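Two complexes follow with chain A in common, the first pairing it with chain B and the second with chain C.
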Partner chain A sequence: MEPLLHIDNITKSFGSETVLHNVSFMLQEHEVLSVLGKSGSGKTTLLKILAGLEKEDDGTISLSRKRMNDTPPNKRNIVYLYQEPLLFPHLNVSENIAFGLKIRKQSPDVIKTKVEHMLAEIGLEEHAEKMPHQLSGGQRQRVSFARALIIEPKVLLLDEPFGALDAETRVQMQELFKKLSKKMKLTSIFITHDLKEALTMGDHIGKIELGHFKRYESKQDFYDDVDSGAQQEAAFWKQFN
Partner chain B sequence: MKKALQILFILSIFFPIAFLLLLSLGRNWPYPELLPQSLSLENWEFLQKSDSKLLQTFFLSLGISILVATVTTALAFITSKHIALSKYRNKLMLLAYIPYVLSPVILAATLHFFFIYAGISGNVSGVLLAQFFIAYPFGVIILNNFWNHKTRAIEELSKTLGSSSWQTFKNVLLPISKNALLLCFFQTFLVSWFEFGLTNLIGVGSVQTLTVRVFSFVNEANIFYAALASCLLILPPMILIWINKRYIFATETVI
Partner chain C sequence: MKFKSKHISITIFILFAAVPVLLGFGYALLYSFGLTGILSEGFTTEYWEKTLLATEFWKSLGFSLFIAAVVMTTSLFFSLWIVISWTKNLYKGLLSYVTYLPLAFPAIVMAFFSFQLLSKSGFISRVIFNLGWIDDLSQFPDWTNDAYGVAIIFSLCLLITPFFIILYSNLYQNERIPELKALAQTLGAKKNQITTRIIVPILLKKSAFTIMLFLIFVMGTYEIPLLLGRQDPSMLSVFIIQKLQKFNLADIPQAYAVSVIYILLIATLIAVVYKTRPAFFNPEKN
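Take a look at the complex of A and B:
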């Protein structure tokens, strides 16, 4: 099967520091790839290059077999979501969700229907008229998701989206993402530094360390790799049995 | 205690205004009387006299300050963004303080030769340019903090959601920067409105703004006309303060 996203030998340096070394991998349609990486490993730079927000020094990015290197971010249909929800502060919940549709000049009736549907999906129908500062962290993150999903992006890039949430909200958001991801057949790259979250969210696991990317064939492969940290994590929890 | 402080604060604002108004109505104020001997609207009739040109001066000053503030705000918005994204941000911001380190009058004295050479000394375009030299760095300083990490992330997010640069500017950056832009406009308007030394030097007496006229009346020891001109001088800043309080602080956007 032809991959949706094909990354080939992406390299990026800032000054004398090389942050990505010949990163190559493929992403199938409807696949969620979890990528583990510590701070400074180059994961955010990788996502920003894929979104068109940073320019790679070398390598090729292809989406549906079309070279994307010189395509501006607004033409890629790849949405990059930050750790912070970053809602537009001057727009209410409905208007935030409708943002991408308005940009695409869809009719008001279509926008209204789609926004209502999306509000129901994220369980925020009651909060449609609220402003961002009136929402909790989890609610803001839901709106941020809805705003991205409503435009049906080809690829969704999530940069530690639940990193700032408390444990309980984090679990709720993970469940919501999994539900929506399955329902909307999303193709996404999910960056996290949480091993359990990576295993829960991803169909496949990748790891980025000091700019070098490694994709595991299966979750078992990931577990078997001593350097992945999975065995140490399992051993830690086993001591309480 | 709080109430007393509030009254003191209100008095400190309104007493000078009331006193200016009283003086502008005054006639015949011999020493050692506490107040003028008589009050009339005669001084205010001076506004309508064709040879006084006080109203023309008021509108000329208003025009100059609005133009300086508008151009400064627009250019400072663009410049401050480029500076904020530059790796030399701190060094470039230091340059913005140079006119204030030198002081506007010294800057004007330094540049006066070039104004004469360009043929714009003593005319409105020269005064506009001179005031712009002072207001522009101030505008950059005010707007520089707007371009923080979060603003940049919002701008990038808007683009990945499908907005072009223009759509991002119109639909995102402009609305979220509204308060910063208004603040910059008001501040640079006030810098231009109350500017004296630089305007006097570059205007060489041919371009008389309201602030320059107030000083002229004071130098002539004409306190009644000085008070009258001062009443006009404080009118736009008071309107700006009212707009600021009514429309900006009331609708502050939470980023």
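Take a look at the complex of A and C:
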């Protein structure tokens, strides 16, 4: 099957420091790829390059077999979600969700229907008129998701989206994301530094370390790799059995 | 202990901030109703009637509102434009210092500077004359002491715009505009949509309270309209001083009546905003 996203030999340096070394991988349609990486490993830079927010030094990015390197971010249909749920502070929940549709000049009726549907999906119907400062961290993250999903992006890039949430909310958000991802047949790259989260969220797993990317064939392959850290994690929990 | 120190703070605030203002307002009110002053003959509404029925008061109020509206619109337009266009340059190099420079000018100095620049015998007029575009300096348009307050607007814009440039360049970072811009871009927004739907509304909303304070400040400004404005129409502050300092002592109560009306107008405006949009006074929730 032809991959939806094809990354070929992406290289990026900031000054004398090379952040990404010939990163190559493919992403199938409707696939969720979890990418593990420590701070400073180059994972955020990779996502920003895919979204068009940073310019790569070398390599090609193809989406549906079309070269995207020179396509501006607003025409890529690849949405990048920050670590924190950044909502537009001057817009309420409904207006935030509707943003992408309004700028595409969709009719008010269509916008209303889609926003109501999306609010129901994220369970925030009661909060439609609230302003961002009136929401909890988890609720803001839900709105942030809804705002991205409503425009049906070809690829969704999530940069440690649940990193700032408490354990309970984090689990709720993981479940919500999995549900929506399946229902809306999302294609996404999910960055995390949490092993369990990577295994839970992704269909496949990749790892980025000091700018080098490695994609595992299967989750077993990931577990079998001594350097992945999965075996150490499992051994830690086994001692309590 | 904490309770006690809070009460002391409130008492000091009332004594040094609220009481003098209230006493001044009370004195102005009594004077305007003829209850005090050199020519006081007991309670009368004569001065209020004279003030409210006189066209010069309404002209002065209208002129002040006009100047405040034009100055604020122009200053906000230029400050937003500069901050949005030159974001990176505002934090480094010459521009980061130049921005602060006009803030060091006292209003009266700025007024003299504008007069020397814009008057018929001023710098611009002479340059144009030497370029041969006009045959005589008197042909240069009236930009000082004119009916539309061109020089007043120019001077006030020069004073206020740098302040808003600094305010907006700080808000630009504090409100995480660069990240919101990037996010909006990936959601499909074009450059002009990001400016009109994200950057400008956020900055204006966050600075709404400051804008209101500056509107009040501009309406009450004195030195600049005194030097660069006309006697008719004059801005309210100049109008009040004209009435206060005239040889006709009977005009003094009218000056106080105008002051009271102006204060009541501003207080009503603030009260209405406070009642209808309390979040306006809380920048965190605005």
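The rule is short, and it goes like this: the second predicted complex is superposed on the first by the 241 of 241 C-alpha atoms of A that agree within 3 Å, B and C clash if a C-alpha of one lies under 4 Å from a C-alpha of the other, contacts with A are read in each partner's own complex, and residues count from 1 in each chain.
Following the convention adopted for this analysis, contacts are C-beta pairs under 8 Å (C-beta built on N, C-alpha and C of every residue); 3 or more make two chains touch, one makes a residue touch a chain.
All values reported here derive from a predicted model rather than from experimental measurement.
Undergrad: For the overlay on chain A, clash or fit between chain B and chain C?
TA: By the criteria stated at the top, chain C and chain B clash after superposition.
Undergrad: Which partner does A:Pro132 contact after superposing on A: first (chain B), second (chain C), both, neither?
TA: first
Undergrad: Who does A:Tyr223 touch here: chain B (first), chain C (second), both, or neither?
TA: neither
Undergrad: Considering only the touch criterion stated at the top, classify A:Ala51 as touching first (chain B), second (chain C), both, or neither.
TA: both
Undergrad: Check whether A:Tyr80 is in contact with chain B, with chain C, with both or with neither, and answer first, second, both or neither.
TA: both
Undergrad: For A:His90 in the superposed arrangement: first (chain B), second (chain C), both or neither?
TA: Once the two structures are laid over each other on A, A:His90 reaches both partners.
Undergrad: Once the two structures are superposed, pull the chain A residues common to the chain B and chain C interfaces.
TA: Dual-contact residues (chain A): 51-53, 72-74, 76-82, 86, 88-90, 99-100, 102-104, 131, 133, 147-148, 151.
Undergrad: How about chain C: which of its residues touch chain A in the complex?
TA: Contacts found on chain C: 175-176, 179-180, 182-190, 193, 197-198, 201-202, 205, 284-285.
Undergrad: How about chain A: which of its residues touch chain B in the complex?
TA: That would be residues 48, 51-53, 72-74, 76-82, 84, 86, 88-90, 99-100, 102-104, 131-133, 147-148, 151 of chain A.
Undergrad: For a test of understanding, state which residues of chain A touch chain C in their complex under the given definition.
TA: Residues of chain A touching chain C: 51-53, 72-82, 86, 88-90, 99-100, 102-104, 131, 133, 147-148, 151.
Undergrad: Using the touch definition up top, name the residues of chain B that touch chain A in the complex.
TA: Residues of chain B touching chain A: 150, 153-154, 156-164, 167, 171-172, 175-176, 178, 253-255.
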